[in-house]
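Given below, in the form of structure tokens, are the structures.
The two complexes that follow have subunit A in common; it is paired with subunit B in the first and with subunit C in the second.
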Partner chain A sequence: MTKHPFRLIALAAVAALGLSGAALAQGKYVHANNSGYDNLDPHAVFDVGRAASRINFYDGLYRWVDNPPKMIPWLAESHTVTEDGLSWTFKLRQGVKFHDGTEMTADDVVYSMERMLAMKKGPATLFMAIIDPGTTKAKDRHTVVFNLKEPSAVFHSTVPEILIVNSKLVKQNEKDGDWGQAWLSKNVASTGSYTLRRYDPAVGFVGARFKDHFAGWGAKSFDEIEFRTVLETNTRVLGLLKGDIHGTDGYLPQDQIARLRQASNVQIIEQESMRVFYFAVHNSRPPLNDVHLRRALSYAFDYDGFNNDLLKGAVSRNAGPVPNNLWGVPKDVKGYTYDLEKAKAELAKVKEPMRPIVIGTLAGFSETEQAATLLQNAARKIGIEIKVESAPWPVVQSRMQKEDQMYDMVPLWKSTYYVDPNNWIGEMYGMRYLPLRNNSYYRNPEVDKRLEQALKVTDQSTRDRLYQEAGRIVVDDAAGIFVYNTKWFGPYAANIGGIRFCPIGNAQDMRWAYFK
Partner chain B sequence: MRRLEIIVSRLAWFVPTIVGLLIIIFTISHIIPTDPVRVLAGDNATQEQLDALRKEYGYDKPLPIQFINYLKDVATGNLGISIFTKRPISETMWHRLPATLELTFAAVFLSVLFGIPLGVLSALKRNSLFDHVLRVITVSGLAVASFWLAMELQFLFSMNLAVAPLNGRISGFGPDPITGFFVIDSLLIWDMESLRSALSHMILPAITLALPAAATIVRFTRAGVLEVINSNFVLYERAMGIPWPLIVWKYVLRNALISTVTQIGLIFGVFLSGAVVVETVFDWPGIGAYAVNSILQSDYKAIMGFTIWTGAIFLIVNLITDIAHTLIDPRSSQ
Partner chain C sequence: MKTGWRQALSKFVRDRAALIGSVIILGLILCAIFAPYLAPFPDDVYEFHTSNRLRAPDGVHYFGTDRMGSDVLSRILFGARITIMIAVIAISITVAIGVPIGLIAGYYGKWPSDALMRVSDIFLAIPQVVLAIAIAQTLGPSIENVILALSATYWPFWARLVYAETRSVKNEIFIESAIALGAPPWRVMLLHVLPNIASAIIVRTSIGMGNTILTAAILGFLGLGAPPPAPEWGRMIAESREFLPEAWWYATAPGLAIFLVVMGFNLLGDGLRDILDPRIRRAASREE
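What follows is the complex of A and B.
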């Protein structure tokens, strides 16, 4: 068995943070969110827009912090994994209290996993393929064992998403075998940093600092946090300028960011995120099954013009499918540049008969329309005709997941669901993810061999090498047109300190923040 | 007797109209080439998840069966589960109704309070400077885009003068709901701070809604009064020596209000079905803001629920308007 040094890391992390249960705290932080908090159930919702309720009310076995993301021990102190990679044993922290004062035990972890698997919603996506219901066991009061169907190196990075609910309390509120879903949609049963003080699905929530939280508190941590839904961007910006709110989402339009930068009472915290913008290309349909056409199109996209002129440099060039700021990226791969001469040379090698290429863009997401138009104009110069069709995301998504209906190309973003290269290159180009997540219909046995191996081995350096090798092939194959990695521009009141941005949750983990 | 016939006739048409509406929106929602289960399950769903959810929500059944089930659900007040929030749509709309009602009553009250007297005065002072100025104001009020007006009011009164709140329905979360109407609840528990906060938050969105509504009421009242004021019965009443203000405000106005009442009914219906833009800009947690959020999230179930709500509201408002006509003008019920 391999012992992981998480216990030491935990002690170091807590010491470094200077946390103390006896520390004083102050104030109320108010955040305006661009999405509604209409369901508080941590096992029902799993989108970035509603991350604040999951992160601030609930604890996972481990927790993501900072950028690049680091996983720190949280409800679990350490874990071991068997040589075959199938059995993962987690040692739980002792003496952790739920908000109602009862102790959190391995039974609660087992119940939480079973609940996720039974509900089949949100975060269950991460576990359904590798864990069967009934296989998670409480070895003793503070030890839990996850038994996987197949080795999965990715499981490690999904552990922070195993959010633990108070099983006794939820069971008391179950109705007609609903696993307490109706009750937990508007209540909180957890060990988390904040207790639920007020909740209105139409407005948002107020959380009060849980004084007995096992991780303790900083000297100036907020007493309360209030997250409100404010759909209109301009209203959120005005609220920040006026001082009504202390923070809002970090993906505002650049003109609003520029406006906020001029205000003395607002600060903008800039971080590179993990949200890759690329063109999904149908690799199996002629003529795009010809690598030379895909390369020609890759050379025909004006990366600098798009990233620096249209988006005003608010993004960073990302030459491959995996975000630059993550491991598993082949640093020697510089990617394609805008070069119409090279594009023409590649086009001359295309053997497939040409026809107009159809790009499906996401209605309401102007960047996808701008990217498609930019490529359309350049492609026309080298003799490739491109048609652009716009449709709402659900329509585009439905078509992407059917091989015969997928557009020839779709510009879109790949977001962070878990911090592992498999979230990007694995799901985008691995054959096991056809057709639901591999919408590029890319079938390359050489790439697949490496991706599959990387899912099974747990040695980090081996996995890093495998993902780098796969990345080189994918870029050489021009399996997609890789454009940029998003930057996050967190707008906060100038008197807010301690914001710790992490691509998982977008800095909405408020336990670290304080008034300066 | 005629009044009873109108009510029965309208009620009789209520059910087939709603069923017709249901058929249309159900058909449209299934023509759109998207799969609600994929939206519900999220971007990373597995096939197993999709199959399970399809079964749970009944999407695995043939379309006619799905429609009959939907019809049964709607008949019992169940509009289904939102595919984005995963909460019952009826419960959500019911929860948001007091916010929309409160704003609607305030806006209609303001528009009637200013619209009818100004309309009468405008007619009485026909072609005067007052009439011309009022015409410019009312035409502007009708032409102005509500989102633009809302933002300008925010800039002026919230940001520059700092005399009104920027957004929201109340500071914080308000008093614990009794009726759900913050003004009434504040009075019931005698919480003057909450009352002041609720009223101050209501001012800007209510003005934004009331301005174009008042403009409509002014135009219709003016036209109605001008038509009636030249009637023989007015001439007769003047000849009888009845004081002019009494003639105008009691006899002329009552006869002139028929078309105005219809307009007020329509305005009421529009506001009740969700002042979509105004609720969104002012972060007013009503049904309009819910509709916008549902559209942004492609939450087809919720959009269908909102459409049914809107249809039902207009049917009810039309019924009330017809009854009001018979009360104002008894001749119409004979």
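What follows is the complex of A and C.
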């Protein structure tokens, strides 16, 4: 009898929680992300872990959708290119409103490009080598011209990454010529799908639907979206099972995917993807500058055990840097196998004095730690000592971008930013992308010559040949340890519809989705 | 003297809790020493068998296998070495710092006492775990740094204890007479004060061992302890989280190990207190 009141209270509490949960779910989509949103500036951030703020708050001139990726007109309606491939004229959509009600014009596009080039961060790496500051011109209110220094085969596919900020608003918030970086890291000034409602770098962000968005809205589109940082894999999975969150990243460990498949309130959307898992190796720092040590390490990774046992065969072996389901892959290159005898033979040829090798892994991405310990285990057998350190992704990334601070090795994914072999082999090993995208500090004139040429010619078969040749050299040089190409397993609440997966952005463009 | 020890021993044996505690500790020490012989798969500390991962406990793997396919029991047995090493070294350093500070401060009083005690108060003002995390994080993950972090944050507890004990003993007549007979301060402190407060230190040390093992496991869990692949218990639990609740054995086994060892030290500490410290007795012993 005495227990009765408690039971009532407990019941009431459960009912209240249930009700509030249901009320919240009316029009708000909650996503759990496995890395933090430390910066909202679209011209500072450029990676998959922080893609959601770029995609949902900002609009580009074009936009990527679907799989295989399709580019659709967005802020720009069309473009023309001059015969020499140097001058690109974009016709902008008219009557596009920023969140503050002012109209987006060609001046904003010019300012956005200049801002990227001046800040030299994230997305600037795509444009720095081909566009000089001050060369982008507004021809009239709705026409903008990009003048390239040299023809570029990939410029077209990077146009969606030209995200437009509200130039008047940003200029008002500039401090000491910082291009408004301090302000824009915590605020949003855009035409984008959602307006910023709440932001805390430690928690994540909440966006409210921008009703006047030029592209219009579906009848059931979410009123609000929340992207929350949840580093713990188990917490994300439990949140999904309990219905506290509606979606999370599509690259969960296969053990978790198997568990989610059994739940009736969760759906798993499977898609072919392009996301190569590899070890970025510091090719310039002794003793890793010795090709024999790199080859020894390449022979010391248990590819089969990792891909088929740990990841349960949900991925496929990728012998080189470019995903196998894309062109530009030398199909005859079989890559390295797990063979400690060959590893020992290579190790015997190493001339540099040996020292312990440090691998930096990504906290919250246990796969990177498992890959590191697997390599550590095999390397120990052939007499190479490996130390494993773990740090959050933003920390690892900023270390990777400095040659003296880069770890000896980092296991990570090279995701799709645009669909072209240059996204992988070009950025990973081309000298023009040092140090922001080429974190391997690989400097090989033979490879670079081919990568550079492939950027300038437009003939597809020539480019295919050049990327294949470069790929062969990179694999022979063991410039990285290439492990697999992945599939995407998007876990969402069963009542979510309209998830539009694209390898670029990994389905985080929420404007298409809705509650069924 | 002899009868005193014998009496203490018989009291100890009769105290079931203390006996269980000491049996557990003895077991831990034996496990650590004979880990290579006791472990069914001693190579599994470093060896992975990926095709054999996450196997439930059976006749071959008594505690199942982990995410890399290594035998969990073997790793736990080897983990006992790390645990003991961390606890013993950290506690030794702690005692070596805390006891002299407490002794000197308690014996001299006045400004040395104030200075030393204020410093330990500063340390005590911050929760030990938080301070240890801060230190271990700053220095980088390794066993040495865990030991350093634990010793640097735990000594004030000893300093405080010894200080209080010294203060109370100092006013006893036998101390006053020793001073009156012209004994130098170091002699009074080492030969007259220390033996009389030793029991309190021993009891504190036993309980402190348990606490240190727990804190070390917390640091390991947070990734600040021994780097992989060291079979550190806290780290093993951290690794296992992702596979709960399906692979229940993976977290349960190291969790049980930590629980047992900490309980063992606490029981032993309680038992020792009953025997060595007549002033503080548990209710159970009063019933005798």
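Before moving on, here are some points about what is shown:
Here is the rule we use: the second predicted complex is superposed on the first by the 298 of 516 C-alpha atoms of A that agree within 3 Å, B and C clash if a C-alpha of one lies under 4 Å from a C-alpha of the other, contacts with A are read in each partner's own complex, and residues count from 1 in each chain.
Methods note: contacts are C-beta pairs under 8 Å (C-beta built on N, C-alpha and C of every residue); 3 or more make two chains touch, one makes a residue touch a chain.
Being a predicted model, the structure only gives us computed values, none of them experimental.
With both structures placed on the common chain, the touch criterion links A:Asn39 to subunit B but leaves subunit C unconnected.
In the overlay built on the shared chain, the residue A:Asp244 is in contact with subunit B alone; subunit C does not reach it.
Look at A:Ala129: by the touch rule set out above, it reaches subunit B but stays clear of subunit C. Once the two complexes are overlaid on the shared chain, A:Ser366 sits against subunit C while remaining clear of subunit B. In the overlay built on the shared chain, the residue A:Asn234 is in contact with subunit B and with subunit C.
Counting the residues of subunit A touched by each of subunit B and subunit C gives the higher count for B. Taken together, the two structures place residues 232, 234 of subunit A in contact with subunit B in one case and with subunit C in the other. Those residues of subunit A lying in contact with subunit C across their complex are 232-234, 253, 255-256, 259, 302, 305-306, 309-310, 363, 366, 369-370, 372-374, 376-377, 380, 387-390. Listed in rising order, the residues of subunit B touching subunit A in the complex are 32-36, 38-50, 52-53, 82, 84-87, 92, 95-96, 99, 151, 154-155, 158-159, 162, 165-169, 172-173, 280-283, 285-286, 289-290, 292-293, 296, 298.
Residues 35-36, 38-39, 41, 44-47, 120-122, 124-126, 128-129, 181, 185, 198, 200-203, 206, 226, 228-232, 234-235, 238-239, 241-242, 244, 392-395, 397-399, 401, 415, 417, 427, 436-437 of subunit A are the ones that touch subunit B when the two sit in their complex.
Put simply, subunit C touches subunit A in their complex at residues 46-48, 50-51, 53-54, 67-69, 140-141, 223, 227-229, 239, 241-244, 246.
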